[in-house]
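In the part that follows, the structures are each spelled out as structure tokens.
You will see two complexes here that share chain A, one where it goes with chain B and one where it goes with chain C.
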Partner chain A sequence: MATLGICDSANLNGGQKLAVKYFTVAIVLLGAQVLFGLLAGLQYLYPDFLYGVLDFSVNRMVHINALVVWLLYGFLGSVYWLLEDESQHEVVGLKLGNLIFWVLTAAVTVVVLVYLLVQVGPGTESTIWLINEGREYIEAPRWADIGIVVSVLVVFYNVAATFNKGRYTGIAGVLVLDMLALFGIYLAGVFYTTNISIDQYWWWWVIHLWVEATWEVMVACIMAYGLMKVLGVRRKIVETWLYIEVALMFGSGILGLGHHYFWIGTPEYWFSIGGFFSALEPIPLVAMVVHAVFDAGARHAKNSNHPTMAWLIAHAFGNFFGAGVWGFMHTLPQINLYTHGTQWSASHGHLAFFGAYATIVIAMFYLAVQKWRGDVWMSGELPGNGWKWKWSLGLLNLGMVGMTVSMLVSGYVQSQIERAIEGSSWIGYFAAQSHHWFAQGMWWRELFGVMFALGFVLLVWDLMTIGRGEKRTMVPAESEA
Partner chain B sequence: MIEPAGLADFFTIFFSSAMVILLGALYALLFAYARIRAMPVLMPLAYLSYAGLFISTLFLAQAANLLSHPLWATVVVCMLLGYLLAPHGIWHLCVGTHAADAEKDAVVEVIPESMTKEA
Partner chain C sequence: MATNQWWASESFWRKTAIWVTGGSMVVLMLLTMDTLSQISVGTTRVPAYSVINHRIEYKFDEQRRVQVPVIGVKEPLFGKELNEEEAEALVKLGKLTTQAKNCMNCHTLLGNGAYYAPDLTKAWLDQYWGTKEVREVQMVEFIKDPSDKLHNSVGRRMPKLGITDEEARGVVAFLKWMSSIDTNGFPYNFKSIEQEN
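So, the complex of A and B:
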């Protein structure tokens, strides 16, 4: 029998116990991302700050690597969370899954420590293997790359074998293939070539395809599961739309990769391919508004978990604005020539990653806490009117929007002064960096970063306390068909 | 292959690009709402949004020099057709998927009959 109001592992199945471990590390890494982001932001304002102790290049690297890894932990945790529920079978190879979790976590810890302790040194073959591969966003040394590939392969085995022995649903089919792609595409990130164009060509497979294709599909699967759990949406509808979304995503998204090939020395035809698919990429996103309205109008279900539902809604809006609006504003090569690699890109990156990925992982955190506390009540009339989750939701979202708009202002200055007027010259770079509008944008970014950090603290506090001592049980959403 | 945008056109490009997506979403929203709530009065507003999208796309095309090359002109046409037709396509998919489900379940009883027909 479920123990109400306290975090009792007896309330969870084997996969969910493992998922909680992944979620815990994910939250710690999110904290690291926020901390190192604030430090890097401060170094824009005070370039001497921590110089020689914790250089900007290291802060930025840890900030971005922490993002990639906490989201990966969040997704792997979400997959383990839904695995037994979905397959109606206990996780096959759970001990191996647990072992890999500890090995991966130890590896991440070592990699971060090496980043911080060995900031300067010779760039040799052994550096690539042991210290830092030097490839932006995926700086992890080669041994860690191989570790990530092996870890994802084990998760693939857990997922495929479990579904094979249990119930093989539509979500299962998509998830199994996606885990295979998650393993396969990362292979493009474990080698290095001395030709920068060739290297960048493959590097984008990890940055665009690994993140924007395999992660997107995982998000679609998690969303499908979440909608069944929180709103009781029928499985048949959810799975049909999962197939449709995956088809639309792949139809426009895979060759949308071309917009990253504009300026890396690839043949000119990538202008056509990248431009064409990038221009059409937002159409499915916009068209899905119809589906959202249809579903909202066709059913009047009450949800069983308000914080999760609120974060799922934040996901829909964040994905639309971050990926759709902010992406399309500078995706055509005619303008991207001036904006790529400026704070424009950072502005788009922040809102898109937060909207498309962070929001849904946070939604899963709340789903997990509810079950962990014995399927407690998490709808309306929470103690204190649920102020903690509402304020953390508000602070995190407002903080992120504020940072995004601030960077947009700075990026606009860069694209005009550094790129268009000064022709990407050395002088142009500094002319833009020292322009008062750029500096003001950086100040506002830092202030909104602090707001985001406060939201994060509140989020952690809420996750640790929501549902504690609650005696009411959850009112289940309509059961799936 | 590409003619880079002029400095004076930067703002036009950013603004019109954002308007393309936002008006596209507004068109889809009003289109779907008009049908699901059986409120045909909203449909002209939906197409007014699309008209705004159409104008924004032309501004974007002009500012980003898209009309000077056949390939980019084709992209503009595809965008205009895509934003116009995609909501219709998704609507048909919605009706199809939910109607099949309704045969054995009464969940979609709340959907007015009018919405399963073309407005």
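So, the complex of A and C:
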């Protein structure tokens, strides 16, 4: 069956055929994210660039929406990828799953076109229904919200029903409950209220309980599957670790939500609750590093897919530093008073989303390409010593770390001058923005952004070519008894 | 082998995960119910929309050791006192306009949003608007067409977003109302416009 070295869908099971569609759109959207990020970054340097045509607000909205959607596509793709493997059963509603993929993709396309071409509307509820909800990260208009909810319900049905008919593993149990929570929480963001405190209260339920709770558990599931696949780690071990991670993540992350409730009108008890629990949030991320690195080390890093393994390790460290360390740095209210809503947040956001989520989805891309090409060899001694995946790994990670550090430098200036000294007034804001240290940070950010973009181009090139014409087959990771 | 120890067993951690998650959710639900009751409109933390009929100040509170909003004498917005319903309608128009014009992808509101333009939490009290006599007119004019107005030395300008006169008034009402929300001292050290007579 396996045709070695060429992408042949006969190499994939039903769920995996659908998964590669999700992955393809995910990569396109990642490209859009990078492009619009570069445009927005350039506007910090040349404010008249595209002024009145594609304003910063539009570029920035597309930048962060592409982020959310490409990662969701990456997760849905990953779930479909592992579904038949885990359940040992065919996806029950594959046709419906395919239909929903196209519906969702068409909806995303329309939303983005409206963002770019219509941009804004009058101050009425119809704008919120049709054009733009104007709430950061969940700007998608209400009609699209309904589409998203229906689509994800179908995916959820497919996943839950397939596991029910097949094998219900530990990973399956966590995944099903996590998806239910992930999709349910989205509903907390689907309403309008004039009271901005209540608006932001529920808005954070969506944003925080996604990225600091349910998404983390989602990637923990993917990590568990990935380690079994490429290293051959015993199921009992990855599943025990998975439960530990779930306990620590939800134990710290759910009430850690409180660190968004310091300054939006909410009562003062959130200082202690949010400060305490969010300070614990790095602990599960340390556990994941230990887990991944120990498992790799115990097998002398002998694995069946070097790029995937490298990106899994990048994920473990990126998650710990980006989400854990960078988040912890400004999570206590005494510090957050000065850093809230400055370039600190941007710095943290970049390293966290990349380190925690982009990395592991990229790891799945490589896993998918390997099987798509007929389980080809992807360990050592690749043609050209695998320079493309290694260079793209290096450029993407260095580019991201460079952007993060640049924005942190600007963030220091901003929190000092604007927040501490000038008190967040208009004058204070621009006193910080015009400071040469701040401006330098923005320049370095753009340069490292270009480096990141080069890494992205190389990544796409590599994904299209790695394993092409390869004659050696993969040596599966030796499963332990 | 170590896996025989209870603390390393799968079932122990599965149960722990379930109980910790469930327990955290229950606590979050209870806190949410309490918080929502404390931040609904018309409470001390989040005043009624008719607060726009009054002067709003941001003063240091000796007890809490932070600045807090203080609702002062009658000072109706645009010189016209509104009843509760009218005030809510105007603030609602303003809030809808801030969403429809995507303000949050340049500005921060209550510190949340993007970082390309100033925070709007206390924009109503900002010294940038000159004196309190010209503030309302200045704000409305600026919001309607900022493209040719003085901004800053870095060359960043707010674009003209097609905001009508009525929408601009709504936005000003929304900003005035927002400045009355008790944000636990955020932003710190803010210097307000002179409002004493």
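Here is the rule we go by: the second predicted complex is superposed on the first by the 459 of 481 C-alpha atoms of A that agree within 3 Å, B and C clash if a C-alpha of one lies under 4 Å from a C-alpha of the other, contacts with A are read in each partner's own complex, and residues count from 1 in each chain.
The rule we apply is simple: contacts are C-beta pairs under 8 Å (C-beta built on N, C-alpha and C of every residue); 3 or more make two chains touch, one makes a residue touch a chain.
Bear in mind the structure is a predicted one, so any value in this text is a computation, not a measurement.
Between chain B and chain C, C touches the greater number of residues of chain A. In the superposition on chain A, contact of A:Leu104 is made with neither chain B nor chain C. Contacts of A:Gly134 after superposition: chain C is touched, whereas chain B is not reached. Of the two partner chains placed by the overlay, neither chain B nor chain C lies in contact with A:Leu83. When the two complexes are overlaid on their common chain A, residue A:Lys236 makes contact with chain B and with chain C alike. In the superposition on chain A, contact is made by A:Leu337 with both chain B and chain C. When both complexes are overlaid on chain A, the residue A:Leu4 reaches neither chain B nor chain C. Contacts of A:Ile421 after superposition: both chain B and chain C are touched. Of the two partner chains, chain C is the only one touched by A:Gly121; chain B is not. Legend: residue contacts after superposition of the two complexes on their common chain; A:Val92 is shown touching neither chain B nor chain C.
Chain A uses residues 236, 240, 244, 268, 271, 337-338, 420-421 to touch chain B in one structure and chain C in the other. Partner chain A is touched in their complex by these residues of chain C: 3, 8-10, 13-14, 16-17, 20-21, 24-25, 27-28, 31-32, 34-36, 38-41, 45-46, 49, 88, 91-106, 108-119, 121-123, 126-128, 147, 151-157, 159-164, 167, 170, 178, 181-191. Against chain A, the residues of chain B that register as touching in their complex are 1-5, 7, 10, 13-14, 17-18, 20-22, 24-25, 28-29, 31-33, 36-37, 64-66, 71-72, 75, 78-79, 82-83, 86-87, 89-91, 93-94, 97-98, 100-101, 104-105, 107-108, 110-111.
Within the complex, the chain A residues that touch chain C are 40, 43-44, 47-48, 51-52, 55-58, 60-61, 119-125, 127-128, 131-136, 139, 170, 174, 192, 194-198, 200-201, 203, 236, 239-240, 243-244, 246-247, 250-251, 254-255, 257-258, 260-271, 273, 337-338, 340-343, 345-346, 414, 419-427, 429-430, 433-434, 439.
The part of chain A that touches chain B in the complex is made up of residues 234, 236-237, 240-241, 244, 268, 271-272, 275-276, 279-280, 282-284, 286-291, 293-295, 297-300, 320, 324-325, 328-330, 332-335, 337-338, 412, 415-416, 420-421, 478, 481.
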